[in-house]
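Note that the chains are named A, B, C, D, E and F in the order they appear, and that numbering of residues resets to 1 at the start of each chain.
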Amino acid sequence: MEFYLSPSTLTPATVRPTGRSTTELRPLSIEVGYTRHAEGSVLIKAGDTHVLCNASVLEKVPPFLKGKGQGWVTAEYGMLPRSTHTRSDREAARGKQSGRTQEIQRLIGRSLRAVFDLTALGERTLQLDCDVLQADGGTRCASITGAWVAAAIATRGLLEQGLVASNPLRDHVAAVSVGLVDGLAVLDLDYIEDSGCGADMNVVMTGAGHFVEVQGTAEGQTFDRKALDELLDLARDGIVQLIAFQKQALG
Amino acid sequence: MEFYLSPSTLTPATVRPTGRSTTELRPLSIEVGYTRHAEGSVLIKAGDTHVLCNASVLEKVPPFLKGKGQGWVTAEYGMLPRSTHTRSDREAARGKQSGRTQEIQRLIGRSLRAVFDLTALGERTLQLDCDVLQADGGTRCASITGAWVAAAIATRGLLEQGLVASNPLRDHVAAVSVGLVDGLAVLDLDYIEDSGCGADMNVVMTGAGHFVEVQGTAEGQTFDRKALDELLDLARDGIVQLIAFQKQALG
Amino acid sequence: MEFYLSPSTLTPATVRPTGRSTTELRPLSIEVGYTRHAEGSVLIKAGDTHVLCNASVLEKVPPFLKGKGQGWVTAEYGMLPRSTHTRSDREAARGKQSGRTQEIQRLIGRSLRAVFDLTALGERTLQLDCDVLQADGGTRCASITGAWVAAAIATRGLLEQGLVASNPLRDHVAAVSVGLVDGLAVLDLDYIEDSGCGADMNVVMTGAGHFVEVQGTAEGQTFDRKALDELLDLARDGIVQLIAFQKQALG
Amino acid sequence: MEFYLSPSTLTPATVRPTGRSTTELRPLSIEVGYTRHAEGSVLIKAGDTHVLCNASVLEKVPPFLKGKGQGWVTAEYGMLPRSTHTRSDREAARGKQSGRTQEIQRLIGRSLRAVFDLTALGERTLQLDCDVLQADGGTRCASITGAWVAAAIATRGLLEQGLVASNPLRDHVAAVSVGLVDGLAVLDLDYIEDSGCGADMNVVMTGAGHFVEVQGTAEGQTFDRKALDELLDLARDGIVQLIAFQKQALG
Amino acid sequence: MEFYLSPSTLTPATVRPTGRSTTELRPLSIEVGYTRHAEGSVLIKAGDTHVLCNASVLEKVPPFLKGKGQGWVTAEYGMLPRSTHTRSDREAARGKQSGRTQEIQRLIGRSLRAVFDLTALGERTLQLDCDVLQADGGTRCASITGAWVAAAIATRGLLEQGLVASNPLRDHVAAVSVGLVDGLAVLDLDYIEDSGCGADMNVVMTGAGHFVEVQGTAEGQTFDRKALDELLDLARDGIVQLIAFQKQALG
Amino acid sequence: MEFYLSPSTLTPATVRPTGRSTTELRPLSIEVGYTRHAEGSVLIKAGDTHVLCNASVLEKVPPFLKGKGQGWVTAEYGMLPRSTHTRSDREAARGKQSGRTQEIQRLIGRSLRAVFDLTALGERTLQLDCDVLQADGGTRCASITGAWVAAAIATRGLLEQGLVASNPLRDHVAAVSVGLVDGLAVLDLDYIEDSGCGADMNVVMTGAGHFVEVQGTAEGQTFDRKALDELLDLARDGIVQLIAFQKQALG
């Protein structure tokens, strides 16, 4: 796997409450082997957002893929009730997952599938569980970035055990949020920034610099094409750095 | 309400299975007053995609807005079981809405709220029900475009009855899908094109030409910045036409 | 299929709020081919009650019929949230179908099965979806009357494709409501009449003039045998007319 | 409360598997005070069908009746899992009540309300719980007949305690099934007869001989008006006897 | 089956509200054959606590036991809504079983399995349904004691029909509650005592005098080892008597 | 808070697969402040069992305590899907909590309430969330032991902020499992030992050496009084050590 992303020439500004510049990611750490049962287990920390990403290899596929000679990659997402500033209801106790939860886990699944060769995976499922232990904005992006590392460890295991002939993982994938805060484009929003921003965008990108998902949403303030372009540039710079962290985590 | 959108200079190509050019919308019709109980009722047909959009004015707000002096705009979405090529399960019978349904109805609600002045609406809810009678791709976009018309009729009624002092609806909003089919950017995908496309994007835009939502997804094929830019141009052209239809439907 | 029903000699009275006589049906229309994916699709309008009836042919049977050499006919019913005067909750969002909904869809299924030769149908299911687009009383009766037409179109298709050797549909079936309003027996109640009536009855009858279902309910006022007899006569007259409309709709 | 029902002159025939004549009820017993907490508690046995009917007086009304100066009568119905020949799933474990259960409990509630003066009841609810301990056909009819006795005991208690000024119970109500078995009209079907009958009807009638509910259903065989008339006569004779049992049970 | 339990030498004290001594069980009766469809049916009455225990023989096993050459014993538990002093919600209507219900039915299942030879049972399930008709404390203990008798009748039937080669039931099992009321250890708490006790314990024991389950819970007052020892002695004495009743009920 | 527990004189044996003696706890660590939003946050590790225990102070009480001048302590429990050797279904996705989950969270809540002065807590709820990040047996015991520390930190906060006048926490509480493995009593079972043990017991005890809960269960092998006594002694020794760890964690 080679990677082609190189940084843009955006000018950083330092006007953020936490002292970060507009083009700066939060401190990032990726701890591999955080739990011991999963085939790939990663604790990713993006500032105060901590997500445990576990990859499980299941020797079965969903019904619609039975006998089709290919595998599946899917994800589930959850937040611990007190990962948030004020306690949220436990979804298991309420008896259903919120629309937000379902939207996020569908996004994680699609993002990871975009860099997988499902035929090379064989008739098995790579199940990704992203559980937020502590939340401070950007949990879906941290989940995707961390889940990729967990998936890479799990597929490396499949290769080492000879269960797959070639690596089903074709490229990196990582995600970052960008947004307009007081008219200024900023990278990697924390919770306070996210709450106050006029528009935000989650960008999922491969190591080759291609988009997998672009989800921009006006939060009370619509945005024009120029702002959109600036946000996309900013996101790209963030992705470059995130992918470097992923490589480093894998050793 | 004035509108600033003017068409781009994209060159149309006629290579689509149905004979449409790459820059051409499906035949569109918007029938107002389709049912009689709703405060605004619209049947929108975008080719073979038919969605009944009903706007209800409810004299109540959700708990989190009680006593805050503002209103709310929200949406629900559903597909009749046999709106699709093969029959789908009825969500009421299965006992829950799918992740897709929840994702779409959240998108419709956000899109409409982006052009509403919730304070001008007063302490009431505008509830939008988008029910797909027949589906042939692009149901979420048709829902947004049609729901705007239903909302406009309902708010016009509020104005006429003197229930609101000023129009809470500040601008148009409409949505269209664009996608890459065999590497070619095409506008307003039908079901066949949607199934076969490498990447698609739903774009929600105001009459002022600002983005409300941009949701691009790689379906098996990631896309670069150049393709993204072309898709955004194409979408903008579609929105210009859709908003013209909305104006005409309102008379 | 021959039909034996001939009208009774009831004397009409014109005392109803809408100007209809006591023995007069609401204006009825049956539009076939309303949607394009279903094997049979009918929009039936009985006054302001509009129901979309779709018949789907599914090449499977419920588990209890597997391998028994016969088919099944079943129905589901729903009301769009704003089909009613004030908006009702969406059953898919509430997560369950009401007792009323289940009662109605069981009634529709039983009524249709009564005129089907399930062995002639073969090991397949005819699934009827009756969705109320606009409600003004009598939705279950309109559903049955319309579903029969949708079913007839679907079975005609099976015959034309040679999938069944003989017509599994043995007779017409139609339904109408009758009730006591201020002591007077009236035919085909609309919502206002239904709300104010002392007793009402839904009668489901075949083209041969036989009963399939008789469901009479005292709504605040019990009724004697004489009143019951008069209601049954009135219903029969309504059924005669409904079946004539069904024949006409099939061309 | 006076009662006007007198028997018809139907000719009994003795052709039933159990030796009963066509016009004969199953052995009936009504044991009052079966459990001690309920305000009215009755174990009714109609042959091998045993239903425990408990009436609870709740000092509250449903939301839609709050402050309206009247009460409510409602019912719930259940079958113990092994009340049936083969064990049925427990509805509490499955997480929902079947359509059949809901249909029956709605019928019981309507039937009882038909003989109640809800204003005389005051702002309280009479909650009837009908739980089938052993089933052999006719459980909904036994439930209604037994629930009336439980309700009568509970309202007697209200009168004795001076909680109501006048008796809110205005008349008896009882229910019986009739059906066509091999073309012959028979009274009070047991499970075997019910399974094999061509058409059956549940009739709910007051002490004054008025109908509350008439629910006739063709089970594979439609029926004409003459058969319907005979079934109604037969049902009336059964109700006469059931009401005599109710009077006797109350002492 | 032989039994080894003999009474302890605890000194009874007569200080209980109902006149029972501290070491005295409530009047117990076990009526076999209470309903007719179940393979074993028992109505057990421990004072005012009445539980109907039905044992069903199902010719299937849960998925995790398929093809393993052994059977399964499991239980479900329910309370009729008005078995209690004030009416409880019906779990089937609420759509789920409470935590308490699930805890109790898991306890009943484990208790019975402890005395079963599941291999001797063969590939079938003994399903125990314990439904409380009237509650006055100690329903889980009465359920276990009664379910054992129902199970014994059902397995006797299997032996008589030659469906099992040897008796899969290896020993008696019975249960009783004990508790500290005002510092005094008492046997077989009724509802009033249970509500007021500082600590209670449910003890499940075999005929051989071995423990199957010991569940002691401080209810507002923790307890020391000495109190625990006294409660265990007391429970043992109760079990001796309960097993004698079981033997007598089986005849 | 003073503590009276002193160790017993049990003789340790070293026969366990992991090299631990029969009377030896797994390596224990309690990390306070693991997450930052909760009022008390503790990661407890008992060998390979890792549980995140968060205590939230909620300024509300359940409905049944409104206006009663006292608070409430309650708990919820969950396992991350891949905390286990093979992946378990996510309860939020399945739509309900298992019976086991409910049993455990009820146990945790009762155990903590036993050492709380709910009046001193005031009208607020201490909500404990115990989420298993990695499981290797004994998760409910680790949850209780860890939840106590989280609760102690949260109540210390209440004291420091002057929100409570006196400490509502009256004593320590901790829990440990003991079991019979191959006839030998062993302390603090890990998953392998738990799977293979004949009987196990969870003991919850206060700092004063009093029992809060004793839950002994025969797993395939019943146990006599002598074994029970030995298990209780062993548990007591474990609790002594656990409470020492709790004290140390609080500093």
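The definition used in the following text is that a contact is a pair of C-beta atoms (placed from the backbone, for glycine too) under 8 Å apart; a residue touches a chain by one contact, two chains touch by 3 or more.
Here the structure is a predicted model, which is why all the values come from computation and not from measurement.
S.K.: Which chains lie in contact with each of chain D and chain E?
M.R.: Neighbours common to chain D and chain E are absent.
S.K.: Using the touch definition up top, find the fewest steps from chain D to chain F.
M.R.: Contact-graph shortest path, chain D to chain F, evaluates to 2.
S.K.: Between A-B, E-F or A-F, which repeats the contact pattern of D-E in over half of its pairs?
M.R.: Repeat of the D-E interface: A-F.
S.K.: By CA centroid distance, what chain is farthest from chain F?
M.R.: C
S.K.: Could you grab the centroid distance between chain B and chain F? Build each centroid from C-alpha atoms only and quote it in angstrom.
M.R.: Averaging C-alpha atoms per chain gives centres 52 Å apart.
S.K.: Can you check how far apart chain C and chain D are, centre to centre, with Cα atoms defining each centre and the answer in Å?
M.R.: That gives a centre separation of 28 Å.
S.K.: How big is the gap, in whole Å, between where the Cα atoms of chain B centre and where those of chain C centre?
M.R.: Whole-Å distance between the two chain centres: 34.
S.K.: Could you pull out the residues of chain B that touch at least 2 other chains?
M.R.: In chain B, the residues touching two or more other chains are 95-96.
S.K.: In their complex, what parts of chain D are in touch with chain E?
M.R.: Interface residues on chain D, with respect to chain E: 35-38, 41, 48, 50, 52, 54, 56, 58, 76, 78, 80-87, 90-93, 95-97, 101, 127, 129, 131, 133-135.
S.K.: Provide the residue numbers of chain B that touch chain A in the complex, in ascending order.
M.R.: 96, 99-100, 102-103, 105-106, 110, 114, 199, 201, 206, 208-218, 220, 222-225, 228, 232
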